[in-house]
Amino acid sequence: MTIDPVRGASRPRSFLGRLLAGDQVARAITATFAGGILLLTGLLVFELFQSSALTRDKFGWAFLFTRIWDPVAGQFGALPFLYGTLATSALALAMAVPLGLGAAIFLAELAPPRISDALTFVIELLAAVPSVIYGLLGVFVLVPIMRALGAPYGVGVLTAAVVLAVMILPFIVSISREALLSVPREQREAALALGATRWESTWQVVVPFARLGIVGSVFLALARALGETMAVTMVIGNDPRIHASILAPGYSIAAVIANEFTEATSDLHLSGLIELGLVLFFLTVLLNGVARLLILSTTRRGTQHP
Amino acid sequence: MRLALCLFALLVPLSAQTLVNGAGATFPYPIYSKWFDEYHKLHPDAQINYQSIGSGGGIRQLQAGTVDFGATDQPMNEEQLGKSSIKPLHFPTVMGAVVATYNLPGVEAELNFTPEALAGIFLGKIKKWNDPLLVKANPGVPLPANDILVVHRSDGSGTTYIWTDYLSKTSPEWKTQVGSGTSVNWPTGLGAKGNEGVAGMVKQSQYSLGYVELIYAIQNKMAYGRVRNAAGQFIQPDLASVTAAAAGAAADMPADFRVSITNAPGKGAYPISSFTWLLIPSQIMDATKKLILTDFLRWMLGPGQKMAEPLSYAPLPKSVVAAELKAVAAIQ
Amino acid sequence: MIWRKLVNWIMFALTGLCALATVSVLFFILGYLLWYGSRSLSWSFLTHLPTPAGEAGGGMANAILGTGKLLLLTTLMGVPAGFLAGVYLSEFGRGSFPAVVRYTADLLNGVPSIVIGIFAYAIVVKPMRHFSALAGAVALSIMVIPITMRTTEQFLRAVPQTLREGALALGASQWKTVASVVIPAGFRGVLTGTILGVARVAGETAPLLFTSFSNQYWSSGWNQPTASLPVMIFNYAISPYDDWHRQAWAAGLVLLALMLTANVAARLVLSPKVNQNA
């Protein structure tokens, strides 16, 4: 860790001098890798566009609204998969948000700091469990339970939603807790000084103050839920149709790509699958972007003092 | 430093063995995995890695050139053959049966299925187990009033092709509404991946009905039914009835071995039988791989055929074997 | 007033239940895997190759090694790239270029892994005309690069400016400062972040389905398809064979143990040290 002083007391100012000192080289090398990320992402989007050209040309925007997925007849529509993806994610949010927000409130407001940190650590470990293991538990534990509870197939939209809810729970808890913790103490104290109970202070002052961050966590969780592949494909039933009942099987974008990609025998079929991937890509980009804006604005607000 | 060297050793290719990659049908997977394993024991230098991803996958990956050979239960059609840069040859390996397997608690007897019943169930028209059509074919059997949970394939499957080919031949309504193929627009039911997935789903879901290759039902001790054939008999799927189904085709086998034996004529023929094929490129560039594949084919047509019966696949008719041995020699 | 106090007590009790429920889910998952997985974990599982369908006695030795190989390749390819990009953002970046890079990396991070699998298939498998561990590692690297980049930037930024100024005052050039002072100072944080990032991609299945494919045998080198734990779990779990189900549990246990060890170790290593930087 020793530093070799450059000969002479002053650092070189000229371009050649800086070059010889290695700064330009180092900057160029690291900038190349940074730029490489732009290149990589650009290539990804380009590849998705290119390979989905067949179906985009053939179906246009109607692709998003067509219900039929028929490889034999060459008819492809994204609607069943959009429904499956969005329905499972929405249901998952409906289950995970109350639970996660409740847990976050407990951890941020009530629990002593050390216990709060320890429990948060444990909850964040849930995020480290691989998707396929959730699928494993889904198939062998949850599906029989669903059958016992009355779902005839056991697999289906609701089952997938339950698995997704568990998977996105750690994100909601962790980020909401951060948002709640970043609310300035003065806000709470002001409410308590006015005679509010602790719960009233939390629910009517702190949570609204942190609401942008909480909503941001929900968007982030939603973005993750949309892209989940393995756990969903193992428990959703793989039926490309829209049913009225959430106990019925469904299909998600990620699941159909995983199942049909290696074997799409016609170019049109392959193009349809990749166009689905493109749709998913845009959905998650949009949601992630909004989420980050919301979370960023909360933490910034929280650190500003009047 | 030593750790780094050990880690790098992982990445160095060991060139003693040759790996031949194949992918395709799940229909014959039990016998293929057995064959490749036995062949590897006889020839330790040759590793044939076969992944069962469905017939559609086998055809597609062979066309893309990402695997050395494919496997399918649906012969490639002219369009698919036209798209391949190197024309693949079809080699029948065994014959098998696609059976209607079901999970019906409380019913001990083997059920009879008519083509109309099967088409009706998979079209979503017949919804309950005690539907009149099923009751008529199974007098005396206490069929429950529960809904039939239909299970089909979610991936591109040759087994699906065999099943839908049979339904198209026997039900005009099925033919117009759905048709036949490796991936069809199913009117009802949920999808599972591979024969393995369908068997797994049916085994775990009460009152469900699906279609799988015979050995999957047997290995997992699942119930499967008799199907009425073209001659009007309810036939149990087994080696004898599958062999009977192929008898007519064996006499008339086309030179490229692409033939369908569903709904075959003959009194003892099981109507949902099929050959299954290995897709071997007609030209193999890599000399070692070519040697391995051609030698394997010859072994498969000889000692390999004896392993088919214990796994409930029917061995090929002798005339077909003879014709194939000649075709193997034509691989360049 | 009493009503409000009651509400206060009830609501907080409910939130406590929520927290308890969430934590119990993790313990439930762990417990289940430990119970079923350890019953199926055996010497043959760890050392044997898979057997033909329906035959008992197979193992996942090649999958364990395959996952190790994929992670090694990913670390070799993705980690340096992400690291250097992070160094750029933290030390050399100027103007709006870094902001664009950061945004794009976040975008890449959010891409569903199945889409990355499609991409890797298009750029590696199709041109090479075969599946390979390399293709799988490329897919995983694409996922690890944004994570590593963000971690590197975060922990290098946290190194106090005084350290940099001290080195520069002594006459060191900028890159020398970065290499000899900043990076070593932030190294521990970067390392733990990298471990977490690699651990996260270790469990990914979707991108491997059409890149590294799978293999019945030991895969040799980096140019052949390879079995991997997540793909084997998937294939075995949806099959009807009880023996394969047992193996899926055991594999799940091995995979989970890997992930949790990495996570716990990384965070434990990190936490006491962060406080040492004044």
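Note that the chains take the letters A, B and C in the order they are written out, and that residue 1 is the start of every chain.
We take it that a residue touches a chain if its C-beta (ideal position, glycine included) is under 8 Å from a C-beta of that chain, and two chains touch if they have at least 3 such contacts.
Remember, predicted model here, so these are calculated numbers, not experimental data.
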Task = Work through the pairs of chains, note which ones touch, and then classify the graph as line, ring, star, complete or other.
result = complete
Inquiry  = If I rank A-C and B-C by number of C-beta contact pairs, which comes first?
reply    = A-C
Message = Measuring centre to centre with CA averages, how many angstrom lie between chain A and chain B?
response = 39
Key: Rounded Å distance between chain A and chain C, as computed from the means of their C-alpha atoms   = 16
Note = Between chain B and chain C, the Cα-mean centres are separated in Å by 38
Where chain A touches two or more other chains at once, by residue number = 262
Message = Quick check on chain C: which residues sit in contact with 2+ other chains?
response = 238
Key: Of all residues in chain B, the ones touching two or more other chains   = 23, 192-193
Remark   = chain A contacts chain C in the complex at 1-6, 8-12, 18, 21-23, 25-27, 29-31, 33-38, 40-41, 43-44, 47-48, 51, 98-103, 105-107, 109-111, 119, 121-123, 125-126, 128-133, 135-137, 139-141, 166, 169-170, 173, 197-200, 203, 223, 226-230, 234, 254, 257-258, 261-262, 273-274, 277, 280-281, 284-285, 287-289, 292
Message = If we count contacts the way the header does, which residues on chain C are in touch with chain B in the complex?
response = 51-55, 65, 68-69, 72-73, 125-126, 129-131, 213-217, 219-225, 235, 238-241
Request  = Spell out the residues on chain A that touch chain B in their complex, using ranges where they run on.
outcome  = 68-73, 75, 143-144, 147, 152-155, 233, 237-240, 249, 251, 259-260, 262-265, 269
Chain B residues touching chain A - in the complex, by the definition given at the top = 23, 53-61, 63, 80, 147, 149, 154-156, 178-186, 189-193, 201, 204-208
Request  = Give every residue of chain C touching chain A within the complex, in rising order.
outcome  = 4-5, 7-8, 11-12, 14-19, 21-23, 25-26, 29, 32-33, 36, 81-82, 84-85, 87-89, 91-93, 97-98, 100-101, 104-108, 110-119, 121-123, 142, 145-146, 149, 167-168, 170-181, 184, 196, 199-200, 202-206, 209-210, 230, 233-234, 237-238, 245, 248-249, 252, 255-256, 259-260, 262-264, 267
